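To start, the structure under review is shown below, and the notes come after it.
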């Protein structure tokens, strides 16, 4: 061997089998999703905060398809920092095919939202036009990436609702990350998402609702949206801000009368 | 008391009365505002720099209502880092009602621009749809936030010109900040705004014009905009760049002749 | 006037009187300070968190005088973004003399800690050797700056305990900030400090203790430090981690017996 | 002289002549540009990565004219940190005129793309409406700035495709940078661009293609775009993801047959 | 229930059992560790790069115990963003006890290095004096945290070699993170560490060596360190830089002769 | 060729010759350096600011050899973003040898300070022990890097005064940068340094003094340091802060008398 020339060395691989995947999870009752359709990410985030959950807003990914709103269970995909020894002796794109990136898409079901842990990276294009096309074909309804996608010139034609940090021409293993696991708990920005948790995403951003709390949220959020309708009417009529938003005791009494009258 | 269990402790409050507010201020002469309507944020920033003012551009808040331009006096609102002892024993939303957030809106007059110090925070939604509705109802014409607002899906329907760092579903005291004072001098990004200073905001961003300098600026900026019309014509005709932009002595002489001829 | 040459223009000043200052405040009972001398910043921060105060650690300023610990009431100084119109026609150093920077030092009393709001700025040297000398002469015991100081080659000889973001050769109004107010509530990093609140600072950093909560903290923190002594002994003897740290019910019983035996 | 008053001191200038400029460069064969028109920034970046070039994506500047795509040789402009001694005794705008900023525009040829090193600065408006107008008049087709431009309200009417970090009202030497050199190698974000290298920019961002590698890229990228057409068709028909993207051996054989059949 | 008052609601917990832990792993041959003792982090990082591994330097954690060097297998601990529903109804410190934080320490063996994923967070104190004491007692030799520890005033007395982002008084679940899993692959800054991989840490920082590559590295790194001894001698004698560092063919021949002569 | 396999492709190189170097420059009069030895970086930065130079403090590189102070002319070294086509077909370390990195060291003269443009990068080790050894051998007296060095465990033994952003085990072309040019103007943090400009560096950081302004600075800075001696004495005696710092007219008169008396 030439001095310190390792160009023909195939690196021994680490002792683990990729991709890593978690157990399959049950999709939620469609009635629950239907109820949550009427809840904005703002109301969800606020109600969860009052229940004691402080980190539900996935800060970072911005809405890239303005005006779109989606609600559905989270399928998760986790990137990790690049480890070339895992890919030793293979071209990168073939590596991707053997990783979580290809496999996760084959688990997508109708109504799913794909949530991706990518450490906020601005140089890794976690997926491109081909995979998003396939995703849509399987019934996926939205994608939230704490990082970037590539092929935006083509993806925007597909129309899948999308929240990302940005765009890049680079592919999924071209930069400092590569696809590692799917259907495992992930850190999407500063929010822990467990597969099956609900995502509510709109122009304010994406919010995670723990699946076990979702029914409680649905019940109270709908009540909340209801009295806000009354507040809006009153404020539009020039009503007193401190009486009508949020409703003080007096305002609440008026609201209850108004609600009774609506029925 | 159970060991180190403070769940029923009501924290003693600090020795101060919130909200803090500064003295009311006089609104500027409408004629001054009318003159400044013709001045772009770019010309304002450049002229103020030549006068020795280096920090007038409020870097950070981006235009969220493209194509909109507003000019008006600044009403100020200041957030500070959260202090739960101030709110001890109260729900957060009720705290907000007792803070500067509700009060400042009741001081808004026709033509005012609300400027908000929020330390560039991306997790605090300084206001939402209800308050912006109320703001518009009082005649407010624009909002500049060194931070975020919430309820963007609804706020965009209201149409109030808006410059922010972004959007979030979180409410005003849900994260690390809360409303503290109004009508006091604030640091909006790296610009000190004194209540009553003029804001000129357009697609380049928002610029602060000290109220006492505004008349001087108006006079010179209008002259500046005038010779730029001439430059634009000359450059469009293929004129010499170094002669016509900015005008050198020769170019200036031509301009004066042209201006004379216009009259 | 030459075209757009404002070199001889003295800018009209804004309608306010600098420096701004808040009301004087009472210093705490020396007995309280003495009790808190035994409390580490780590215990203070943890206990306050259990009481519901989440933002008491002044993240950013690092200890520059390793091994030093100080406890005392906060005297506050607030920088704001530079406004050259306030200083129009004066040299900068003379401006400083007329600002909060000189005045605040004249209010310092024995045992005070100076806390400075400087927006984390790395280019503004909020004070230098001369002022720190004067501060020490008045009995000041420590300085916490959310920004930098200058003259570090000389300040380190004075020995005043110091927490800062860094050092710079620039003076206090040389860069984008300048001294604005003193003895007013400040945002030191993401912590609101009201004049008279207690600062506990050591090698972990600086923590703010609201003056009205300090007696409650002192009481419980001393108890906490006491059982930790017992835990330390037990762990050093190879005791069970989950029994002895923190003490579970069984561990607590043992501790009470041990404490009884100490008396 | 008054004590430490240097207001009338004209600073001695440094020993160099501005602007610095590199040698003129040859424009590429129009046939090459035509071929590259069919290559997306995503394909270019991916192919170059496979060839061993890791830093070709100019991360930071975002597309400001959505849907626009440009391909052409890079004319370069380099900003450097402000040195007031170079401008001593002159007004800033006159300084600009003597710098690389004015000169570089006079070298622009039909089909050129202007690439600007500006250290990602968000306070310097590297050029405004007048210069962009002049640029378009000379046949320039796109601008990539690792920083900002000013006059966005007017520039957007001109329609020149633009990639920038943002917008600002400040002019080119108003903040911490000023124009220094042109037609020299530059660092545009983390990509070294040598004058005459090819820029491919679209909604994914801007990619640099070294001029000497461009013919090799064109050849392989067109082949790549060709088999992707086949993949897209197959995936749309519900084809197997791992067979058709990227094509495995079996998929490739089918593709070759399909391609043959097309002829 | 009072309107939107959830203060007595115990949140339903998610469907997973904490802490998550990976399979136990075998410790390396002591002879391998002994060989690597002679390899600096700089040589390790450089050799691994030549073998094709680009991300082995754990950028961020700085040496806090200057002059210390450790080599050993990585025990891993993973923090994730806070999920209060997991801790619903429990005090935070009791939660910690049930998490990976307490469990991981009970798996530590003689010679182990603890590597912690903490997202670079500056507000979470991943461990304190008590746990580090326990760690040392079990034979742990070093700790690398992509975040902070607390109790630095006391930890520094223990003397365990430490690499961290900083220090904080906050405890492990006081801020935005909490302990989640151990003995699983982690992202420590931008390096993927699999339990059992080797850490080499000194004043340059910490480097990860994949366990399966470590023998190859040891062999070549020792050769490398050997010829560098010769280079150092020659350069100290005033030898030609380009001949002796790194050794060109001529230099290598001299080195081989020198090495022969040494035997 | 296998499909899209470029592993044997030697990339055509760009049309330029590395390393790029500027013209040699004259070293300053030793008497000037001797005078400036008595000037702190703080005084230099302040005086230059009063003369109108705003960007002379090289913010970012911290003192790594506490208590050391150096004054001397700047030899410059410029890194640029990595371009693998320049190194195509060569191992990286051989590339380094052909670059500015090796050449610049051969130009170092007695009393020189090496200033390095490295874009604040924390992953590139701009130089290591061998080169610093060689540097010291040639009489170099200090190094300022807007980035990192490697081999800190060994470099600290050499004792050369050093200001850097940090340390890394990575070598000079291992990450995203590589050595490009020397003896050319550089951007060291946000300061433009022209070869031959003076660097004054101490525990406050490093300041650039334009060579043509250095004599003017020396004259006034020495006067400044002189009256500060008087101020220090007066303040130590309990003198009035506003009279003695900085000296007002009355204070200045006293100072002149004192100075007279000293002679």
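We call the chains A, B, C, D, E and F, going by the order they appear; numbering starts again at 1 in every chain.
Quick note on the criterion: contacts are C-beta pairs under 8 Å (C-beta built on N, C-alpha and C of every residue); 3 or more make two chains touch, one makes a residue touch a chain.
Just so it is clear, the model here is predicted, and its values are computed rather than measured.
Separation of chain A from chain E in touch steps, taking the shortest path, is 1.
Most remote from chain D, judged by the distance between CA-atom centroids, is C.
Judged by shared residue numbers over all numbers used at their interface, chain A and chain B contact each other through mostly different positions, with under half in common. On a Cα centroid basis, the chain most remote from chain E in this structure is B. Over half of the residue-numbered contact pairs at D-F are shared with one candidate from A-E, C-E or A-B, namely A-E. Computed from the mean C-alpha positions, the centre of chain B lies at a distance of 32 Å from the centre of chain D.
Remark: chain C and chain D have CA centroids separated by 46 Å (rounded to whole angstrom). Work out the mean CA point of chain D and of chain E, and you get 40 Å between them. Within chain D, the positions touching two or more other chains are listed as 4-5, 50, 54, 91. Of all residues in chain D, only 91-94, 97, 102, 105-106, 122-123, 125, 128-131, 133-134, 137, 150-154, 156, 166-171, 174 touch chain B in the complex they form.
Put simply, chain E touches chain F in their complex at residues 40-46, 49-50, 54, 57, 59, 62, 67, 69, 202-205, 207, 228, 231-232, 235-236, 238, 241-242, 245-246.
On the chain C side of its complex with chain B, the touching residues are 3-6, 9, 11-16, 47, 50-55, 80-85, 88, 119, 176, 180, 185, 187, 190-192, 194, 196-197, 210-213, 216, 220, 224, 252.
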